[in-house]
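Mind having a look at this structure? Questions to follow.
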Amino acid sequence: MPEASPAHDHALIRDLVGRAAHLADEGTPDDYRTLYTHDATWTFGASTQNGIEEIVASARQRRAEGISGPETATRHLVVPLHVTVDGDTADAVSYFLFFGDTTSAPVVRVFGVYTDELTRTPEGWRIHRRVSRVG
Amino acid sequence: MPEASPAHDHALIRDLVGRAAHLADEGTPDDYRTLYTHDATWTFGASTQNGIEEIVASARQRRAEGISGPETATRHLVVPLHVTVDGDTADAVSYFLFFGDTTSAPVVRVFGVYTDELTRTPEGWRIHRRVSRVG
Amino acid sequence: MPEASPAHDHALIRDLVGRAAHLADEGTPDDYRTLYTHDATWTFGASTQNGIEEIVASARQRRAEGISGPETATRHLVVPLHVTVDGDTADAVSYFLFFGDTTSAPVVRVFGVYTDELTRTPEGWRIHRRVSRVG
């Protein structure tokens, strides 16, 4: 196991945010279990998903409705802006762009901001709280 | 204080470039003081802002004119491409996309390049010289 | 020479992916020699370029045809999502957006994914295998 360092934590957290985007587009709903803590919350405007089961269920529903995920010609472009590590917790702010029509004439459907609180777990860094804001 | 390392400097500089984007969108003009050295210059085409006071004043003017900043439905998507650290100075090149209409149908108004020279100060890395090119 | 560390490798690989974008837009075809191994392959759909000479020749052709490179008002926005280092090899997945009309009204012409295998060489990290997928 590589030694912990602030720089390594930064790299791992940027990777985590990137994997969250990639798995939203190409993974399965259950893959979200590798991204979020068991008690994670994800707030999107007035709506909050409480706990990993609700987060997975919500991803499953978006897939069922064709909103996002494989075969929907959508992708999440997520760019981490800054990461602040404080021991076993961290904060990260990222811009996200939700693209549609990626197989033809790609268009930005949503521009927003993720504000993440992250936690170091025995399995690595996980998102503990994500707040999505649009605009 | 964490030990300096090339990797940590890379992470801090990527964070600085990201914070510059974030604060341009959600911060105050005075927040630019946390990003630039006192004697920083920012060149945009034929125009150059000399020193932090001109940089802050220019940000204030863009806010007053509704060009960018909070409540203007604009955002800066900034992606650092590569960072080269040489002791207490560094170079970074980033692509920036200035988006408008972010709360409705986001559109790229400007695509450009930042070429940054950075300096390590007692308060952390700061931008010493930024050149913005469009296109 | 700075000591190797997982975090430093991460930073160097992100830089390499970023330089590949930057040089595709502003460099020369021969600059690709600083990005790829001698025996690198680049697969784009059903087509594969085998070895650095084919990769350079293909870049030269794109320039000759005005498809990309300087003076074509195009740019590659490339965002590394996650990097996994295993000793002297690494994997990286990035999203790329190929923009046209960057000097007037920038438009996303292509949204795609780079899946890269990288190798540590005496001259630094290099791309050994790149697969580009569109959509």
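First chain written, first letter: the chains are A, B and C, and each begins at residue 1.
Note that a residue touches a chain if its C-beta (ideal position, glycine included) is under 8 Å from a C-beta of that chain, and two chains touch if they have at least 3 such contacts.
No experiment lies behind these values; they were computed from the predicted model shown.
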Same or different residue numbers at the subunit A/subunit C copy interface, by half rule: different
Relative orientation of copies subunit B and subunit C, as a Cα rotation angle in degrees, nearest 5: 120
Centre distance in Å when subunit A and subunit C are each reduced to the mean of their C-alpha atoms: 25
Shared interface positions of subunit C, touching two or more other chains: 5, 7-8, 10-11, 79, 108
In the complex with subunit A, residue positions of subunit B that touch it: 2, 5, 7-8, 10-11, 15-16, 18-19, 21-22, 73, 75, 77-79, 99, 102-103, 105-108
Residue ranges of subunit C in contact with subunit A within the complex: 5-8, 10-11, 79-84, 93, 95, 97, 108, 110-111, 134-135
